[in-house]
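Consider the two complexes below, in which chain A is the common component and chain B and chain C are the respective partners.
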Partner chain A sequence: MDDQGFACAGIRPLSHGPAPQKQRWYRGKPIVSILLLAGIILGCLFCNAFIPKDPTYMDLFHYDEAPGREFLFGTDAMGRDIFSIVWYGGRLSLLIGFSATAISTAIAVVFGAVSGLAPRWLDAVLMRLTEILLSVPNLLIIILIQAILGKPNVLSISFAIGITSWTGIAKIVRTEVRQMRSSEYVLAARCMGGGFFHILWRHLMPNFISSIMFMVVMNVRNAIAAESTLSFMGIGLPWEVISWGSMLSLSEKALLSGSWWMILIPGLFLVVTLLCVTNIGNWLRKQTNCRQSNL
Partner chain B sequence: MIRREFLYYGKKLLVFAASILVLSIVVFYVARLAPGDPLVSYYSDRVEKMSPEERAWAEEKLGLSDPIHVQYVRWLSGALHGDFGISFKYKADVLEVIRGRLVNTLLLGGTGVILIFGLALLLGILCAWFEDRWLDRIICKAGTIISCIPEFWLSLVAILIFAVWLRVLPSSGAYSAGKSHDIADRIIHLILPMSIVVVEHLWYYAYMIRNKILEEVRADYVLLAKSKGMSRRKIMFRHCLRNVMPSYLSIMAISVPHILGGTYIVETVFSYPGIGALSYESARYQDYHLLMLLCILTGAVVILCNLLAQVINERIDPRIRANEAAEMLEVKQIG
Partner chain C sequence: MSETILDVQHLTHQFRLTKHTTIRAVDDVSFQLQRGEIFGLVGESGSGKSTVARCIMNLYRPAGGRIFYRGVNVCDPKQYRMHKNMLQTTRQMIFQDSTSSLNQRMTVADIIMEPMAINHIAPPGGSLRAEAERQLHDVGMDASYLNKYPPELSGGMRQRVAIARALSMEPDFIVADEPIASLDVSIQAQIINLFKHLQAEHGFTFLFIAHDLAVVKYLCDRVGVMCHGKLVEIAPAAELFAHPAHPYTKLLLSAVPIPDPRLERARVLQTFDPSDLQDTGEMREICRDHFARMPVEGVPH
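Coming up: the complex of A and B.
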């Protein structure tokens, strides 16, 4: 049909506007955060290649020294070079962040799935239990777990943080599983004798993974923050095991002597990391369009 | 009708009591099963020099030698009569130990909650009013950054700036020595910890308000009110805000314990004599009776606030109850 025909039918011909702009691949992605985070992670992983001093060596002639040419970020009260230990210590902080998240996610997925698939009364009991767990201050649970597990190390701290931070994810998993539990493919898998973990892994997990992804990323952030808080308060890693938190645990002394670099520099590393992870998490949330939790 | 009301609140009360009971059992068992020597907190270093007989006598005297369930029943019957036992460390009735500090924590946490409640509302409305303009964007960015900063580090930086560099505010304690009744002195000591508590939590709630209002202003009734000729301000405050309030109230009720928990860390950094430092000590040094009372107290606040949120929701906004009923119906049909 020609233009005349369109005009008769009351449809205007397409006007030739400017061609749609080519979308840049990085639009809307948190590129700065990803780059910064990648930089920090790589720098921590391969810190041995570029740090000038041995991070555990205590230089008794140069303790409490302000940032200068020899000590880029200064030295702490034990005479350790802050530039070296900030990279070196990041390893443990990040490791704890990731392993604690792995633990909490595993607990949350299993617990949420059990609660979602269980009969209504059991579900109510389980949910009530999580509420009770939430009502004990996290700090107390962590102290108790630390007391049971003995001298704090990376594993015990990851465990303690992981075991106190799974409830949020578990609630989302439960809601999602509740919606899926009576769909045909789950019923079919059940009829064919699929076990709990088989159904969870093959059928349920692929469906809810995108809606918990954002929470998982946020859990990494919370775990890193929790580690630093615990170490700062003296229930996490001891000061001789270097992490961002244990570096900050010396800051009480630093306050007295006014050595700002001991407080600000490790803290800035910590905050930048947390900010990058948060930005990535927020982007993921928008991406999956998962409804923001109201709690 | 009155009967139904009675049943409704009776049920809530029952849930509350059951939760507290379960909580007390869990805490009691976990605390006793955790390794560590409770005698150390009572006799401090002298424990190491004790002979086995003396130890047995001391345990007998403190009631630690019986099986755990016997101890629990004894504790429970005492607690129901208002006797929560003595603190091993302070060697005084735990209620006495807690009393003075509870006031301090309530002063910090309670005022903090009220400030957060009001300021978050204001900030949220402000952001929603100027949606996507520069003011909104700046506040959003700043909020995201501040909410990322761990509480203890923010406190440290605040101490560094205001107490060490500028020397305008005190860095620790709740009052200067010998001035525990001087109100002005107390307020000066409260400024730093209070602002940390408020700043740290503010954005979370303000952002929630902002999003809820933005959802609300896209509803059809706003269009109707506008076509009637209502002013923007009137629509916002008369209609949108009113719809947002119930969920905000219930969320705030749930978040009270969260904010109180946040004061624990701030209390430790500022060495503010409150509940936080006390519960940390009691858990570390196996001061069982003190630990129990603190856990029950915080647990009671949490559960009470949760129930309060439920009641607010169900009373002010009955749709939530209707939804639940619908869900139940659905489940019944499927099952």
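Coming up: the complex of A and C.
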């Protein structure tokens, strides 16, 4: 454009002020939790590099052995090396935690956004539906789904956990979307011809992501815990598919024989992971609260 | 000025507040826009101007009446779907409050590129970003703003970004809903001049909604006056300001402050009783192109 027929007073070129003082980057962050969690996740991911034994190999000569030089954390009732299987099984536990959360978050975001953008009557119907779902015990639904899907495996467990844990997030998404939907940038996007998923992805999601972040992280925690509970109760993964939960499912026999390491080691890994995730989640929640009050 | 680009016929819209109460925000409004003209819509707050604009842009479905844009009845879902692409690319809207009409979490470049990205338009300037830069330049801002977020800009700059976004589609028709109401006076003047300049350059048809009469007088070719959901007078801008026919228009004009204190003291505020706006009124042509709403008997109030 060579036409400069108008003056634009009042627009100054940007001045670059002095850079803000460097703060210690780790201040106020849950550094211990992050490091521990990162250690556990990386350890599980790359366990093949350092575990001394084949985690599926059952050493019939060394079952129920206390922690010692050869078996760092001892062996379980099947003669598997606990040090090896605790890292190896962590993979599945974490995988289930994350994939169940991905499933539940995806359902929650789409459901919440549909409900938030829908006319009032449809919104009411959808919300009553979530309340009905909320009032049915999760365990019942999971057992039902397991019965339908057949023999439990990683995918079906993730699916069952994911499908029972999205209602809380969906309610938050719906409330936020309801507030945003008549804001002018959403109207503007609609005028331009943006479809449902465009508006959801570009305009709504970036604005509500911080308020569901805490719930999402907590969902990871709940999913890992749910997998352990289910496996412990014997309706989750079978004992030959190694995860923290299925390791714990052997513990009742271990209690009888007094082999504490069989419960304590996977339990410790589980509890430390859950605590770290909770800690990070709480920090995230504080962050979003701060940001909102700063506005 | 011959081709009618927008034809609003007997537009009616009501909002349902509870089961029993509805408000008629827009009541039997008809007007036409010719290609290339600037049409001003004025009226006090709550008179239904925004509702008219949103009906025209398909954001509300009107309760009654028809809206033809280039011969397409946009209120008819079937016709709307058939011409969806044309309607979305050639009509654009600019909102009152640039703080809320720009998503705070998108950069200026993303905001300006958004309509082109949605409609898969091949940008004439090469890449989308180059095109965004050109549009930004057109509204008087330079490329250093491309990576800024709206909260980092001043109100006037934000409104310029909103204008650049609307213009990036090279639309034929722009609806601006009080685009300067949230700005301070000196910035208002800039934006008005920018509109005038851009309209002369691009030749788009412009529906400009305002409640500031001075701005309308300066910018618009024709003006419609709304009161309580009804259109009470339409006339060319000069004619309307010289010979207002409807009592409500007289009231609006008499309420404009006069810079000269002596005249200002002598100014008499006209009175107008809104209950005079009977349902039975109809638009009459007073003189050429000048219509005013009169009771059916033919005597203005």
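One rule holds for everything that comes next: the second predicted complex is superposed on the first by the 266 of 295 C-alpha atoms of A that agree within 3 Å, B and C clash if a C-alpha of one lies under 4 Å from a C-alpha of the other, contacts with A are read in each partner's own complex, and residues count from 1 in each chain.
Keep this in mind: a residue touches a chain if its C-beta (ideal position, glycine included) is under 8 Å from a C-beta of that chain, and two chains touch if they have at least 3 such contacts.
Worth saying up front: this structure is predicted, and the values here are computed from it rather than measured.
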| item | value |
| --- | --- |
| Chain B versus chain C as contact partner of A:V125, first or second or both or neither | neither |
| Touching partner for A:I31 - first (chain B), second (chain C), both, neither | neither |
| Which of chain B and chain C A:N207 touches, first, second, both or neither | second |
| Which of chain B and chain C A:H198 touches, first, second, both or neither | second |
| First, second, both or neither for A:L45, with chain B first and chain C second | neither |
| Contacts of A:E184 with chain B and chain C, given as first, second, both or neither | second |
| Chain B versus chain C as contact partner of A:R221, first or second or both or neither | first |
| If touched residues of chain A are counted for chain B and for chain C, the larger one | B |
| Chain C-contacting residues of chain A that also contact chain B | none |
| Residue numbers on chain B that touch chain A, as the complex places them | 19, 22-23, 26-27, 30-31, 33-36, 144-145, 148-153, 156-157, 159-160, 164-165, 171, 208, 211, 247, 251, 254, 257, 261, 264-265, 268, 279-280, 283-284, 291, 294-295, 298-299, 302-303, 306, 331, 334-335 |
| In the complex with chain C, residue positions of chain A that touch it | 1, 3, 5-11, 13-14, 183-185, 187-194, 198, 202-203, 206-207 |
| Residue ranges of chain A in contact with chain B within the complex | 120, 128, 131-132, 134-140, 143-144, 147-148, 150, 182, 221, 225, 228-229, 232-233, 235, 248, 251, 255, 258, 260, 263-264, 267, 270-271, 274-275, 278-279, 282, 292, 294-295 |
| Chain C to chain A touching residues, read off their complex | 54, 57-59, 84-85, 88-89, 91-93, 95-97, 100-106, 114-115, 118-119, 134, 137-138, 140-142, 144-145, 156-157, 162, 165, 169, 186-187, 190, 193-194, 197, 201 |
